[in-house]
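Should a chain be cited, it is by its letter among A, B, C and D, assigned in written order, with residues numbered from 1 in that chain.
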Amino acid sequence: MTTMTVNDAISAALAEEMRRDPTVLIFGEGVATKRRDLLEEFGAARVRNTPLAEGIIAGTAAGAAATGLRPVIDLLFAPFLCYAMDEIVNSAGKLRYLSGGQFQFPMVVLAMTGAGWGVGAQHNHNNESWFVHSPGLKIVMPSTPADFKGLMKTAIRDDNPVLVFADIALGYTPGEVPEDAEAIPLGKAALRREGTDVTLVSYAKTVGTCLQAADALAADGIDAEVIDLRSLKPLDEAAILRSVAKTGRLVVVHEASRLCGVGAEVAALVAEKAFASLRAPVLRLTGPDAPAPASFPLEQAFVPQPDAVVAAVQSLMLDVVAA
Amino acid sequence: MTAFLSPDPAVLDPAPLDPAPLDPVAALERMMLIRAYEETLIDLHGRGRAAGTCTAVGQEAPAVGVVSALTADDLILTNHRSAGHLLARGADPGRMLAEVMGKRDGYCGGKSGSLHISAKELGVVLTSTIVGGELALATGVGLSRTMLKQPGIVACFFGDGAACEGRFHESLNLAAVWNLPILYVCENNQWQAFVHRQETMAADGIAGQAAALGVASAVVDGNDPLAVHDAARTAIAAIRRTAKPFLLEAKTYRLRGHFEPDDQSYVDKAELVHWRGRDPIPRLRDRLERDGRLTAADAARIEARVRATMEAATAFADASPYPGADALTTDVYA
Amino acid sequence: MTTMTVNDAISAALAEEMRRDPTVLIFGEGVATKRRDLLEEFGAARVRNTPLAEGIIAGTAAGAAATGLRPVIDLLFAPFLCYAMDEIVNSAGKLRYLSGGQFQFPMVVLAMTGAGWGVGAQHNHNNESWFVHSPGLKIVMPSTPADFKGLMKTAIRDDNPVLVFADIALGYTPGEVPEDAEAIPLGKAALRREGTDVTLVSYAKTVGTCLQAADALAADGIDAEVIDLRSLKPLDEAAILRSVAKTGRLVVVHEASRLCGVGAEVAALVAEKAFASLRAPVLRLTGPDAPAPASFPLEQAFVPQPDAVVAAVQSLMLDVVAA
Amino acid sequence: MTAFLSPDPAVLDPAPLDPAPLDPVAALERMMLIRAYEETLIDLHGRGRAAGTCTAVGQEAPAVGVVSALTADDLILTNHRSAGHLLARGADPGRMLAEVMGKRDGYCGGKSGSLHISAKELGVVLTSTIVGGELALATGVGLSRTMLKQPGIVACFFGDGAACEGRFHESLNLAAVWNLPILYVCENNQWQAFVHRQETMAADGIAGQAAALGVASAVVDGNDPLAVHDAARTAIAAIRRTAKPFLLEAKTYRLRGHFEPDDQSYVDKAELVHWRGRDPIPRLRDRLERDGRLTAADAARIEARVRATMEAATAFADASPYPGADALTTDVYA
């Protein structure tokens, strides 16, 4: 085991995959400036700064992916993906299909999301559900350095476009990473805490929120299970359904806003496929339907907090099922 | 001041295979095949047997002139008016028609329809129906040529309308900075769907915009396949020599509407008549006949051959089955 | 009552609002060419063709809206919105908030969605849920000419950015439109058919699918209620909850793909707020997680059909609730 | 050929109020205030009392030179380095600091923070943190000026990096075609976050790209507020006379890092030293002292005034409360 931060885990995964496969390269605004170690090891052809133009960065990745390379692009902050939606959604996501399988698009898009830096809504927008909704893409959003490393490696090896979202608040969080960390498969959730009374489903930063809430609930005699989705698409439906079959109660927690978010998908999945097990309404705790404010106290209020999770679970435990 | 070197300048084949100069009679036949293909499509649509489509009637010269200047290693990206580029590259009109009709034997198994045909075996990476999509991906294809030390260059066909999209600017700028081996071919056909080019740009054309971004450029008569071919050969030689992109602007005209059917009621009649008089096919045929390089009998033989090809193609596409229902969800993920 | 098509209803709404309010204008690629009657009545300053560049069209609308105009822009097909995501989401959707309410963005974005034309996935993508998920935007997606007219008028008068999606298959559908059609408020669903056994929630073209299914079910003795959402944001939660309280069963039907779609939101809403009334799992019938194919039979198979709705409802009626 | 007229050419006030020529001492004081404001911010950040921020130290001349050439009717759109533009327009440094600190008395009630400040009362429509956002909205603001028959023009500040985004191309092209009264001001400070301009464009600068799109342009020494002011006045006069856009490229340099804190380890030291020697504030002060237009005592008085202003501003921002929790969801919808 080594201890490293999420940012270091991403760099380590990049370095290992670039060493393993000469077709892997990385580019983006400031990539060569900020990832000096990669630049030194792999040279200026494989670690490139780009002009400031997200659309062509993503389009270049898609074109390169279709013709033999495995590009990783860093688009910095998730709102900037707005300039690259066509290349990500209409090209990378759809052209394998439209070509009848002739071309594939093995590429990775990195972007940061989430509150904590006071930079406001043009830098902070959890828009991951857009991509979950769009065909042909895979989406990864881990919460620990070990998962970032393992899933980043898998993402690079995957023959499909994979978006990897990193919550900025996690960037400097240290964690244990196994020395020989192997690629972690996409589509497998992690059971962070076992419990029998309620299932808390989350991903990214708010997994920690759920774990804190679970501790507080334990003091109250309520035994919460915490599932970290890690991969939003493919989604580990089996892990969610298995847990709800056991607990009969579900709260989904994320920072992204509620409407048509990942929480809606998880709730709808359970309302269809685990309906018979459900003993209480399915709750979602999410960011509000508002842009992210810069002001520190407002930014904090934007993100679901442990006490809100505790209160939600307590309300569920009281809930009586009507037949 | 820091000197920033462009990383890894393109390593291109030092003595690439140069295609033979264009045989004008072969060019005429190829243009006639493209015309016949598109007329067949229009007819099939009229009879409810194919979806509506974009044709490039009157724009056969850039397709034949440029594609005939490419070698087998070169790759092509193009836009919604791609039939000519594909046919000039040797695509099977039967498989193309099958694709447009949504049949299993189409190049993309019927999933593309007319608007996104790609054909890996021909080096056609993309038909983009998103105007500008071909410009966005071309840089990546150029990059892979360079980094994988492949000898080919990239030909990227796009319209004057695409030149209004920001991706035009971004693509040329990146290609210039990264020294990507891309031949940008702007088919300036004066129209952008239902809007005339003069309504969309103050500039007189596209080439000057390329120059301002550091991309060498030239303008050519886009209704003359031989002139286009010569300009393309010169441009490609420059790309191979300098490992830098080049933009060729072919001035031409869209003789039919934007998307079949289209009554062209919004088109200035005098302008249309003017350009009909410059239709590249009769223009080349007349010239060859005047020069004694083509007899009426030759022309008739070509016409018969083209007609037979299209009849066989139609029969092939007709006979091809529709894809099975399972195809709805295959090819989404690798 | 007059009979007119959806396309005519949109034009009529535009003409009436442009007559009423001199600050309303419309622009887009081919708008002045295709809307000759508007051009003739209102002149070249208020009915404009644009260069082919969706991003600047939307940005121009946002800038104009912030400074005194009420632009309507036609971005043609929904996938083209990918080029305008920044202007729609990061500017029009967020800048009212980020300015502390100093500026507002009264603008309407028109786009077409849906199967039926065999043009494939770069013209056909039901991406409405992206915008439902994004703050500061309103989304309208009617199914009848009368609703298009009334909601288009409201959208133009609204002080927020409103996206109006028109299913191309509905464009030439004629319907009755009241002569004095007034603006229809956003956020009000329409009850298309009353029933007691199951609630079918849909919008746009698949409302018709649900009505056909309801007729078939009636022959079977099953009485389906059909709700046409019309407006996806604001969403008429009350109408949905009221109906499910009565029927205890819910099927949501739309052409957009399933994951994080509007159906997920409706299902999650009901799993939270009408849980006690639910007598069976909540089902969703949606397009597949695939780009839209061009081939005619595949394109048809992409869209939920009445018999699938009938089968889904029948399965629900058999379902026994486990407590 | 059809003649397409640009619809409704801009109707501008025939004899607009021309601002007085710039008083160089006033310009110096304004630049010093901007510098002091940004230094205060850096200090507050260092002490954990304000979020990180982008400064424009060394780039005060374009802000003061251009904004002082505007009239009260003119509107401003700008980018993430907007403090100078706002302060040059007369913004209250206290309310600006309050905004950056997320306080209720900030121009946007604390919701913007440093990166999106707008101030309707000052005609500042937008600070866009999306690079290129200001270019995308400027055309709409120009359009509303024209259609509502408002006399004002639009000043749109953006960087050399923004000129790489496709929106630059789209914005200038539309402004040229629609005759929009926009003064595009490109502050070419040689940096685009952590990337040097030479790595991002083959072209030598921005002005030539404008010209290729049909937008008149000029280049000016961006470290000389008086030269900038004169160039801006000339450009604005041209905009009013021709009802067409104009691009002014101010060559300058970002003397500090991209976003505080930033150790500038990636910056070429010789280049930095070169440009430090051209810092617009000592440069103007020396010139005024040499010319006998400023005494040491004058300079000291100005410095004291600026310091006092910033102290008062800091006290004001400190005293301002944070917004209440209800503000989280207000101002989302009208």
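What to note about this one:
We adopt the following convention: a contact is a pair of C-beta atoms (placed from the backbone, for glycine too) under 8 Å apart; a residue touches a chain by one contact, two chains touch by 3 or more.
All of these numbers come straight from a predicted model, not from anything done at the bench.
The chains in contact with subunit A and with subunit D alike are B, C. Farthest from subunit A, judged by the mean position of CA atoms in each chain, is B. Subunit C and subunit D have CA centres that are 40 Å apart.
Centroids of subunit B and subunit C (each the mean of its C-alpha atoms) stand 37 Å apart. One simple way to say how far apart two chains are is to compare their mean CA positions; for subunit B and subunit D this gives 44 Å.
The residues of subunit B that reach two or more other chains are 110-112, 116, 128, 130, 132-133, 164-167, 170, 173, 177, 199-201, 332, listed in rising order.
For subunit A, the set of residues touching two or more other chains reads 50-51, 53, 55-56, 79, 82-83, 86, 90, 97-98, 120-122, 135-136, 288-291, 293-294. Partner subunit C is touched in their complex by these residues of subunit B: 51-52, 102-103, 110-116, 128-133, 161-162, 164-166, 192-195, 199-201, 266, 322-323, 325, 327-329, 332. Against subunit D, the residues of subunit C that register as touching in their complex are 23, 25, 43-46, 48, 50-51, 53, 55-56, 58-69, 71, 86-87, 90-91, 95-104, 106, 135-136, 138, 158-160. The part of subunit A that touches subunit C in the complex is made up of residues 79, 82-83, 85-86, 89-90, 93-94, 97-98, 120-122, 125, 127, 129-130, 132-136, 233, 235, 256-257, 259-265, 267-268, 270-273, 275-278, 280-284, 288-291, 293-294, 321-323.
By the touch criterion stated above, subunit C contacts subunit B in their complex at residues 29-30, 33-34, 49-56, 79-80, 82-83, 117-123, 288-291, 293-299, 301-302.
Within the complex formed with subunit A, the residues of subunit B that make contact are 5, 7-8, 75, 77, 106-112, 116, 118-120, 125-126, 128, 130, 132-133, 135-145, 147-148, 166-167, 170-171, 173-174, 177-178, 330-334.
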